[in-house]
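Here's a structure for you.
Lettered A, B, C, D, E and F in written order, each chain numbered from 1.
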Amino acid sequence: MSDNQFTHFDAEGKAIMVEVGDKAPTRRVAVARGEVRMNEATLTRILDRGFEKGDVLAVARIAGIMAAKKTPELIPLCHPLLLTSVAIEFLPHPGEGRLEIEATVKVAGQTGVEMEALTAVAATALCVYDMCKAVDKAMVIGEIRLMEKHGGKSGSFIRND
Amino acid sequence: MSDNQFTHFDAEGKAIMVEVGDKAPTRRVAVARGEVRMNEATLTRILDRGFEKGDVLAVARIAGIMAAKKTPELIPLCHPLLLTSVAIEFLPHPGEGRLEIEATVKVAGQTGVEMEALTAVAATALCVYDMCKAVDKAMVIGEIRLMEKHGGKSGSFIRND
Amino acid sequence: MSDNQFTHFDAEGKAIMVEVGDKAPTRRVAVARGEVRMNEATLTRILDRGFEKGDVLAVARIAGIMAAKKTPELIPLCHPLLLTSVAIEFLPHPGEGRLEIEATVKVAGQTGVEMEALTAVAATALCVYDMCKAVDKAMVIGEIRLMEKHGGKSGSFIRND
Amino acid sequence: MSDNQFTHFDAEGKAIMVEVGDKAPTRRVAVARGEVRMNEATLTRILDRGFEKGDVLAVARIAGIMAAKKTPELIPLCHPLLLTSVAIEFLPHPGEGRLEIEATVKVAGQTGVEMEALTAVAATALCVYDMCKAVDKAMVIGEIRLMEKHGGKSGSFIRND
Amino acid sequence: MSDNQFTHFDAEGKAIMVEVGDKAPTRRVAVARGEVRMNEATLTRILDRGFEKGDVLAVARIAGIMAAKKTPELIPLCHPLLLTSVAIEFLPHPGEGRLEIEATVKVAGQTGVEMEALTAVAATALCVYDMCKAVDKAMVIGEIRLMEKHGGKSGSFIRND
Amino acid sequence: MSDNQFTHFDAEGKAIMVEVGDKAPTRRVAVARGEVRMNEATLTRILDRGFEKGDVLAVARIAGIMAAKKTPELIPLCHPLLLTSVAIEFLPHPGEGRLEIEATVKVAGQTGVEMEALTAVAATALCVYDMCKAVDKAMVIGEIRLMEKHGGKSGSFIRND
């Protein structure tokens, strides 16, 4: 697999699910992040679950974990994989009305889990939006990006910013 | 349904799929946008499909349309809906390495389609990422937000920015 | 539809998804219950989430709500329906090591939601089992039954016990 | 994995899909049972398929097998697995109006298949209920439990009763 | 919608799920047929289920009914619909080694059910192939076609051959 | 596995997902073909995408690849597999109004991928039908068959015609 080609097309430009059968199964991990920006009052309410009791983050975490498993159904050219671990962390920044989401996905397989980690972040964020939209329709989901990945022939990727 | 409560929890804070059976079915539409930021060279390659032939945008559009239909499977408290239309538009900004995505979803039903439009944008963006990640792992998916919605008791929402 | 025939087979005994197109859409509700029987210590631990923090019931409730939406995928001859509401209640009986689960499902449609309510109870119970099985493999899921249903031509059913 | 902790939560009580990548893949089997209790006449009708021809048990068996494959979609923190075998047996007790269901699931993998076996039993029972509910709404699904499991580090479990 | 355009693309050739929200919901039906051609001995064995007991046709019928419900997940631009009825008939031609399959699907909705009927036939045929492939790998699935459709603005279609 | 038995039933004729845990994982490939027969004008329009721009084949290819991954959800007794590659080729015969479809599926696993290849062909063909049905309702999907398979204990199969 060259570094300067779109690998999801064959030589004639037709979409394919590329053959990974020749790659050795290795332990792989990917970490992705994203955020939901919202009114400070909305974030305060999410974090103040002792009073309101409705736990937005607990529901969104489940949405993210389940979405990681659904990645090959959502992303047409993704390979099915036997994920060995999915974890979702929340990093709230109350003064900025910003809720960071981090997903860590692991597998022992023939292809990486970047898409699974990114999909988990996206679904977690969408679920936060869904649960808060009655009070704040102007929330923005952003900065969904790969932070690092390890394992496989192409080696490690670590994001600088 | 008040405007200052999280409506996905009952009075004791337990997550519920809220009753919408009393709402009249009305024609509803939601428009959402988002973007993928990437190297200018990556975007040039995507847009230059006459030469490369591999059509990233055609595949990503299908991913987005299919994801809209999967929204109630991904977002735990979303109601199932009979979507009557889903359309995905791409607005490339080649000089900025920025590919904007817009999803428009319509329904005649008892609840809105914001989540379907936002989910369609997210899945379209994730699919673009997937197809280009061999050449550009540092892409960022961002600015996923509701642009406007119409129909239903709560009336229209139009984003200012 | 007679009351003394298996309605999921035609006159020759072949399985069919029976025609409901002639039935008027009406508001319908079904309530189902079930329970998980476990060691008292296991139930105490589930209920004591202030200390342990891991909220078994919050996760299981989401599993139940999502399973209600999946009913036509799981039960071969069930009709797809646009559920308007799904709610899951837990009724713990700590002294008996017994956790009762109640699901209430509503729809406006041409067929009832008994199966959706029963499926929600079963999935909620299975998820409780999954989350507690490391400490208590001998748990038993039982007494899954329809408590009441209303709406539709066949009228109301209310269980006596 | 300790025997006295809920393993589906991390140290802070957040739900996770626990890492199983360090476990060796081994051959594993799980056997689960459950039952549907019904009017004797209902069970007689189910068993008498030579006359009625509609084969409730054949349909329910397929529902159970397909549900076993869907377990990671239904149970949020379950790992995806490549099941190598699923079988469903029926053990009718006509004099008691009781239909026992037994599911046996096998895998070679890093985590057990208890949940797959229990889910298969539950779905089989729900399908029996669905197909018979026009003649007997008071049926009860019960006694869903793990009978035995083998393989993996935690060793064998065999139920006493 | 004109009769001489591909309606699944907009004016610029982009794939869309076309708006059907302006169409009146009407009762609609579609009938599709197809066949599996096989060795005469294979068909004899399928039909002789009194002896072998393994009922290929009962399993394949369930596969077809469930696939009809999955049509919008399989066919990217299909609308979700609330099917009101699905039935599968088998018409064996033992002397020709030919098993005909007919699916009838009904709905009250804003778009037709041709794709649901054709998908049901295809899945039924694929399941027959799967269950018989150990004895006959050279089977051919063919002649999958719409026989008739009724309802909707475009009126009835009845195939001549 | 004998060559003269239906392997999807046990000795008593009950449907099972047969145990494949004793088979060695090997590299396997299956190639299937099928076709859509249509008016010559319809095929011309599909192939002339430079003018119309709507790319029927690009959408249908994605439908086929995604359907291959869904095979165990569609075919009740199929085992889940980690497909390593899926590719769809189109071979148009414009003079005959005939569009051939070829799917190649690869895996390293304990059971073959014939069903995945056949399912991919069927879904690709159904999607072509869906996108063209507004101009040509009389299209026929046919000749879906296994062309060759390699790998596994039963060895290679190569079709003669």
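The rule we apply is simple: contacts are C-beta pairs under 8 Å (C-beta built on N, C-alpha and C of every residue); 3 or more make two chains touch, one makes a residue touch a chain.
Chain by chain, the UniProt names read as follows: A, B, C, D, E, F = Cyclic pyranopterin monophosphate synthase.
Quick caveat: nothing in here was measured; it's all calculated off a predicted structure.
Counted as hops between touching chains, the shortest connection from chain C to chain F is 2. The chain with its Cα centre farthest from the Cα centre of chain C is F. Centroid analysis (C-alpha atoms only) places B farthest from chain D. Simply put, of D-F and A-B, more C-beta pairs touch at A-B.
When the CA atoms of chain B are superposed on chain C, the rotation angle comes to 120 degrees, reported as a multiple of 5.
By residue number, over half of the contacts seen at A-F repeat in one listed pair from B-F, D-E or B-C, namely B-C. Rounded to whole angstrom units, the spacing between the C-alpha centres of chain C and chain E is 31. Here the CA centre of chain C is 16 Å from the CA centre of chain D.
Multi-chain contact residues of chain A (touching two or more other chains): 14-15, 55, 58-59, 62-63, 66, 70, 73, 76-77, 80-82.
Contacts between chains form some other arrangement here, matching none of path, ring, star or all-to-all.
The complete set of chain-chain contacts reads A-B, A-C, A-D, A-F, B-C, B-E, B-F, C-D, C-E, D-E, D-F, E-F.
Of all residues in chain D, those touching chain E in their complex are 55, 58-59, 62-63, 66.
Looking at the complex, you find that chain C touches chain B at residues 27, 58, 61-62, 65-66, 68-70, 80-89, 106-108. Chain A makes touch with chain B in their complex at residues 1-9, 12-15, 34, 45, 49, 52-56, 59, 62-63, 66-67, 70, 73-78, 114-115, 118-119, 122-123, 125-127, 129-135, 137-146, 149, 157, 159.
Those residues of chain C lying in contact with chain E across their complex are 10, 14-21, 72-73, 76-77, 79-82, 109-110.
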